[in-house]
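One structure coming up, written as structure tokens, with questions to follow.
We call the chains A, B, C and D, going by the order they appear; numbering starts again at 1 in every chain.
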């Protein structure tokens, strides 16, 4: 199957600090990929480079074989790559409906249709549509953040720590929703996740990122049990 | 336009050079005398500063055309060394330091702003090798300021004349005063002004301030109008006075307004105050136009105004006449003292020089005791009362 | 080798001072004094703006305080300059310590606007409190110190050269203090505050105390500058202490010279007060040039002129590296 | 009564400048000290156009406002967009540099003496014992109307909602695929346009001058600090309040300290409520 996203020998960072050093990853279309690694390994930076927030210093980022390293973040979203950031980052003063509406910025004509889809996936949000986003619980805010990401009709959805800080019962619900997304034929998922159980259930392949480098890549099942994983993640 | 101007300068200079060359053969000993000119050529004082510096240039040109300064057996061509104080105290001080640093006696004219003059005063006041003829500045000088002579009206004189003028009007009991609080001269005179109004049996019902360049006078005028004044005395620069008058009329005040600002038509036009100028009077040391129209020294004033316009392409400004006269006072004193570097001797002449001896003085300078031009280093002038009629100011009388 | 390069700027500075003094030219000496004055203001500002990262836009308030205090001591009470030189910085520091904790409750833009307002208030007071400050008439009659020292070492403070030596001595002393302070824990903590106030506080430092101290040092040094100004010019009026004439200029001198650097204030002062003076620049042109220099330096050399050497040598090294690489391949 | 009218007339210009600045500051997050410059240009340009090119008054005013908008877009696109990765101190310095560059260029062009644009209606109303030039009323009504319009725009239109989102969470807004720079330029255009509108109308009622920008920007910052940064109506009210404080202070206490009253009030507000006078708890 063709790769939807290819990252070749990528280096990136902030100012003089280099965070990623020569990262190479290929992501197949309709696959679900986990990025795991210790804190500060550069996972979030990798997502930021893909979504156009951080400029690469060297190397290539290709989306459907197009060089996207210099794309602005709005072009990235419009092309179908959406980043749901760590810590949810909802718009606090706006209602749930307005948050979702903003998520559909790049596809205004399909807003209504996608909205129905999102509300079916997260029925909770339908009940809360007119509430202010910051009045939601943590789990609901995470649902909102993912739903808002889906509003852009993505081909690649990048989730940064989607279960961080959630209660176990909410994690179960979240897992269910993510499994439903995984089943969709037109979507690839990139998940940065510390929760191995979820990773195992969700992802076909995993890449272990340590100190800005890929330490190991492979099928999730194999990696999760392997020594590599134990060394780096304890 | 600039090109034309510089061409004209070139033409004048060329003709002048030819004349000098022609006369050089006959002159016995022609030397050069440098006179320093400290002016506000840039910065906020620029408008008046340039008009003052131009008049100095004109005076120098006239002296040199007439053959130069005859001091003893030597004839000197006067050369100007003009320094720009940029309307800033520190720049003025550094410029004066520069003049002194050559180690020779300094003959200086100019100084427009009171702040600049005040700043270099401590450096030169006691010096025995320095003379400054201050042709601008609103400060009041005395005998203690040994190095300074001030052939220019001092604000103190405006204070007295304003009260005299208002006293002469009928039915005035209550006075409102509005002062530019950045104008050292006016601020210094405020206590004296109130004292004089009191002596004249008038009550100051409102005393307010504004800052130079202010655009809104509403709160101040509202406060003054609460006292229901019969006259408002506005003390500041012309452009501010015009705006204040306009806003006073907008607030419904129709009574007399008296200023001493040298306000000109441009100020009125820029403030859109044409209709507001009825019943407003300005007391000021007369400008060339006032003298011509008011019939005082009209011929000399006309000759000056024409020469100025021909050379600089515009009307002369507020301190132009003082600068022209002041320069000739210094020139005459040098000739009379018969020396260019014995400063005490020149000062002695300046102390006693009479108005009649300097026929180039165009302003109506009031001779002091013995016909002298200075009383304790300060000159006095007849003031003109000006009124706005049909789009321009006309002199309606003089206060001697 | 390293030691030598560290001493080189000091030697250059001393040589330049001696050269100016040797000319005996009142004009050059006066310009040099003004340059030192601005360097002093900028190096004081460096503590709060350069190290702690607080946009102090009201330095003129303290500069004016020093000058007016000095004028009052000298003209009204006939005290020698040394009294003002001791009392006014203490007063500047004391006032800073009183208002500092309140002002420093704000930060970033709020602090900038608050200090700006402080400067404006002081300007208004100097202009309007005629009975004390002389209002727009200003205050004159400030007498310089007379004979100082003994025998061959004595100088006459009343002369321009004497005043230059006094100014230079104070300036050098402050430069040495600044050089020592730069390596101190105090400045390290200030830089910690600049980079992350909360984190620094979590390490157990009372950051407010350090910020107030930096604010007070800036105020005290600006007061020293004011005392010097009053005795150099011997006449003061409100204008030189207004926002654009004082606070902004000190800010520009430091920002262009290099925030947080030792020699930045000196470089900034030479470029921005010395050159325009010698070139007799029209004040509007000067402001225009200030704006342009500020814009260009901020964008091209964000760390100021003082970093120019480092930036250039880094470039040279980079290009040298590139060349050796080329040769290798 | 006259004092109230005076204060409101002066306050409306602070309001309009403040409302424009609040929009720019919350959407773009740059300390735009150059905010007063578009206002100044819109105030100074019409008279020049009228005297030198014979442009009729209404058109001249419109060109002035258009120039203000163009300046705002220029600031955004040519200056601040390129500095998005610079620290805040650099942005502050750059905006101060812009103030100095533009105002000293304007002084060279126009001189620094205040002047008024001719041609405004010269009718004065008597109302409850106060005299109100009709132009003052026009300005007050325009200020109110433009604030209402801006409020509607922000709350009820798509671009408005997007700008609100950017103000609330710029990072998330970028992840939504919003072309951030375009909306920054739009915020600058609207904010500077409001300032320009204020400047153009003001020049018909009061004298304006080429050095007025810096002082007005400072007052606008004071206003938005009163208002607690995020609120349009807060800025509007803050501007009027500042005008009233200055007017009453100058009229009843001492006119020499007119500006000081505003500054002292600002310091008091900062000390008592550092978040601003009208700040609600949650507002970015």
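Just so we're on the same page, a contact is a pair of C-beta atoms (placed from the backbone, for glycine too) under 8 Å apart; a residue touches a chain by one contact, two chains touch by 3 or more.
Since this is a predicted model, take the numbers as computed values, not measurements.
S.K.: So which chains count as neighbours of both chain A and chain B?
M.R.: Both chain A and chain B are touched by D, going by the contact rule given at the top.
S.K.: Whole-Å distance, chain B centre to chain C centre, using C-alpha means?
M.R.: Chain centroid spacing, chain B to chain C, equals 38 Å.
S.K.: Round to the nearest whole Å and give the separation of the Cα centres of chain B and chain D.
M.R.: Comparing mean C-alpha positions, chain D is 40 Å from chain B.
S.K.: What whole-number Å value describes the gap between the mean CA coordinates of chain C and chain D?
M.R.: So the centre of chain C lies 33 Å away from the centre of chain D.
S.K.: Multi-chain contacts only, two chains or more: what residues does chain B have there?
M.R.: Residues 181, 209, 211 of chain B each touch two or more of the other chains.
S.K.: Give me the residues of chain C that touch two or more other chains.
M.R.: Residue numbers touching two or more other chains: 127-128, 284.
S.K.: Based on the touch definition given at the start, go ahead and assign the chain network to line, ring, star, complete or other.
M.R.: other
S.K.: Could you list each pair of chains that touch one another?
M.R.: Chain-chain contacts present: A-D, B-C, B-D, C-D.
S.K.: Show which residues of chain D lie in contact with chain C when the two form their complex.
M.R.: Touching chain C from chain D are residues 31, 82-83, 86-90, 92-94, 96-101, 103-105, 107-108, 214, 218, 221-222, 225, 254, 256-257, 259-260, 263-264, 266-267, 270-271, 274.
S.K.: Quick check: in the complex, which residue numbers of chain B touch chain D?
M.R.: Contact set of chain B toward chain D: 44, 47, 181, 208-211, 213, 215-216, 218-220, 222-223, 225, 239, 243, 250-252, 270-272, 275.
S.K.: Report the residues of chain C in contact with chain B in the complex, numbered from low to high.
M.R.: For this pair, the touching residues of chain C are 25-31, 34, 127-128, 130, 135-138, 140-142, 160, 233-235, 237-240, 245, 277, 280, 282-284.
S.K.: Which stretch or stretches of chain A touch chain D in the complex?
M.R.: 51, 53, 72-74, 76-78, 82-85, 89-94, 98, 101-103, 105-106, 134, 148-149, 152
S.K.: Which of the residues in chain B end up touching chain C in this complex?
M.R.: 42-43, 83-84, 86-91, 93-94, 97-98, 100-101, 114-115, 118-123, 181-184, 187-188, 209, 211
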